[in-house]
Amino acid sequence: MVAEPSLLSVKDLCFERDDTQVIDSVCLDLSDGELLQIEGPNGSGKTTLLRLLTSALTPTRGNIYYQGRTLSDCRFEYLSELLFLGHQSAVKVTLSAEENLSWMTGRSRTCEELLSALDSVELTGYSDVPCYRLSAGQQRRVALAQLLISNAKLWILDEPFAALDSQGVSLVEQCMQKHLDGGGSVVLSTHQPVSIKAVRRYSLMDQSIREQFNNDL
Amino acid sequence: MISNTGFWAFLRRDLLLINRRRGEVASPLIFFIMAATFVPLGTTPDAELLKDIAPGIIWVMALLATLLSAESLFASDYHDGSLEQMLISPQLLVMPVLGKVTAHWLTTGLPLTLVSPFLGLLLSLPAAGYLPMMAGLAVGTGCLSLLAALGAALTVSLQKGGLLLTLIVMPLYMPVIIFGSATAQYSIQGLAWSGPLAILGAMLALAIALCPVAIANVLRLTTIN
Amino acid sequence: MNWNWFYRMGSPRWFYETTSRWLPWLGALTFILLVGGLVWGLAFAPQDAKQGNSFRIIYLHVPASFLALAGYFLMAAAGAIGLIWKMKLSYMVMKCAAPLGAVLTFLALFTGAVWGKPTWGSYWVWDARVTSMLILLFLYLGVLALQYAFNSKDVGNKASAILALVGTVNIPIIYKSVDWWFTLHQPATITFTQAPSMHPAMFQPLLVMILGFYCFYAVALILSVRVEILARERKTSWVRERVKQAAQNSLGATL
Amino acid sequence: MKFQFDNFSHLLNMDGHGAYVWAAVAVTVLLMTWLIINPLLQRRDVFEEIAREVSREQLRQDASREGA
């Protein structure tokens, strides 16, 4: 039986912006239950690579396969299984935290899950306050609350730990671990070490993959 | 069905967003009325002269009011990142674009049309001109919103995009204003005004068919540059 | 159906080398056509019965307005090729066609206005052809402004390509609507359907001038595209080598 | 096809329309020559720019070779 195609595989992806090669023939593989950490100094193209994976940017050469099929064939399927968290938290400041969360996850506003998600990101009292009263960190938590209730299979997170205190960071790590154990997979870019059981670290500079196991967790 | 994709979801969301800042809906209207009152001050208050140019003046002011409010279409979504989320959500990008433009029309084009009779009084528009003026505006402001959305999409990522937006979109407004004011002038001169109105309707149909496709492609290009 | 001739034709280097060979000949032909046509039109063609000698401006006004419109469609076509086949060269052609077309449109408007004074009594008359030409100039300026608005060149090229396409869809609408509403201008002298309403002796120099203008447009466009190629391919070896050669020649010249 | 004007001064004033005709011709010739001259000037600037860039790269390479 042929090996079941990996969830996501990237075949020598190149991206050029104004004649400068931002991404140069990147090859990657990601199967279910795996976490891939993209490393590299600032300006090495981490965010560009993540945006290529979310199909927001179209590569100049090479292509991306989702479960064996190219993105252009199964675009809607891939995007409905995808959750992307960028630098910006995509929170509408005139709406309340609850309304924002219901828009992001597509769930109706009255359902219980929304409120419990907001509670676990310490926004209990703020669910019906317009978001312009919240601080940047709190607005970020509204976006992160999605991780608790989203059923997307593939998470793509761009610097999820930015502007978060240590307590927030550990919350995000727990969510990711729960997601991985449940068979989902995560691609993230960050500078901090990630305390997750199995981490595959891909460095953009020398395009090497290193496995790292933290067995103390 | 996830309720955050598609035409109705974005129409409802944008109307909710605009509803939260109801004051902003009034600004194009106030501009519309104030700018129109400048004309009699600038030219002559004499009704005889004004009634010939009244339809044209009302149309020019409606056009400028739409342009004034066009920038807000994508700007706030671009700055908080929800425009990028819209690009990668599982939907045909044309649908949310149509939803947003319809919401923009409902909050600028329609109010302009409803207020225009009041302006007709100010500029001594002959009685025969009122109904065709409103019909023309109702159809024409649809075209204006769609073309303004195209300009807004093209200049969404630019800091000083507002001026460039008007520069790009105004040449495309020429046919709309020609046939828009023609609708009212024909009926003032006693001719059948369904002809120019039909051509306006054709332009609206063409704009609805082509503009969202162009806007979707432009958004993919300018949102992440 | 192998497409490589299409892609080979699209490579900037191939374009640069072939044009260096036959550009001088095209330049000479353009010069002959323009000077010959102008002298023929100004000095030898019979003057118009009604307008007298002021009609001779037609030998500049009509070719310029032809080129202004044809230039817009060429610019939009180059943009479309760039968008569809992602050919850098066609973006460069579009980028250089925009200012060229804008100058020619202004030329058409200027000569039209100067011609309007003796014939209609005033420099500016709101008639169909002239108004459409003015709107065409605004369309050109829109594309030009958008081209230089973005800091990344690629996005600038693609955005102005899309705007040029939108403009192309609008041009027939604008021309027809302006025509339908403002029909004052004399009917177009050369509509290929009916015979030209001009005396052949007046008409022949006009054909020569139109041909001359088309060649001029090609030469000017190729010259500016070549500069664009050099600028964009500055890192390649073949450009560096030409720079060295040029430096030696000028050095040799000064010694 | 014969020369339409009696003498040079007649050619100049063209029964009163000369000013307009020659104004149009002058502006056209001026603009068209500028359209040809401008790319040639730009070409020389681009050549100089690239030459400077090449020499700057040479310096950087020599510097890094000595440094290494």
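The first chain written gets the first letter, and so on, giving A, B, C and D; residue counts start at 1 in each chain.
The rule we apply is simple: contacts are C-beta pairs under 8 Å (C-beta built on N, C-alpha and C of every residue); 3 or more make two chains touch, one makes a residue touch a chain.
Note that the coordinates shown come from a computational prediction; the quantities given were computed from them, not determined experimentally.
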| item | value |
| --- | --- |
| Chains linked by the largest number of contacting C-beta pairs | C-D |
| Chain centre separation in whole Å, for chain D relative to chain A (CA means) | 55 |
| Rounded Å distance between chain A and chain C, as computed from the means of their C-alpha atoms | 50 |
| Interchain centroid distance [CA atoms averaged], chain B/chain C, Å | 34 |
| Centre-of-Cα separation between chain D and chain C, whole angstrom | 16 |
| Set of chain B residues in contact with two or more other chains | none |
| Where chain C touches two or more other chains at once, by residue number | 152, 154 |
| Pairwise chain contacts under the document criterion | A-B, A-C, B-C, C-D |
| Residue ranges of chain B in contact with chain C within the complex | 150, 154-155, 157-158, 161, 164, 167-168, 170-172, 174-175, 178-179, 182, 199, 203, 206, 210, 214, 217-218, 221-222, 225 |
| Of chain B, residues touching chain A in the complex | 2-5, 13, 16-17, 20-21, 76, 79-82, 84-85, 87-91, 220, 223-224 |
| For the chain D and chain C complex, residues of the former touching the latter | 1-5, 11, 14-18, 20-21, 23-25, 27-28, 31-32, 35-36, 38-40, 42-43, 46-47, 49-51, 53-54 |
| Of chain A, residues touching chain B in the complex | 51, 54-57, 75-77, 79-80, 82, 84, 86-95, 99, 103-106, 108, 130 |
| In the complex with chain D, residue positions of chain C that touch it | 34, 38, 40, 42-47, 52-54, 56-57, 60-61, 64, 100, 103, 106-107, 110-111, 114-115, 117-118, 201, 216, 219-220, 223-224, 226-227, 230-231, 234, 239-240, 242-244, 246-247 |
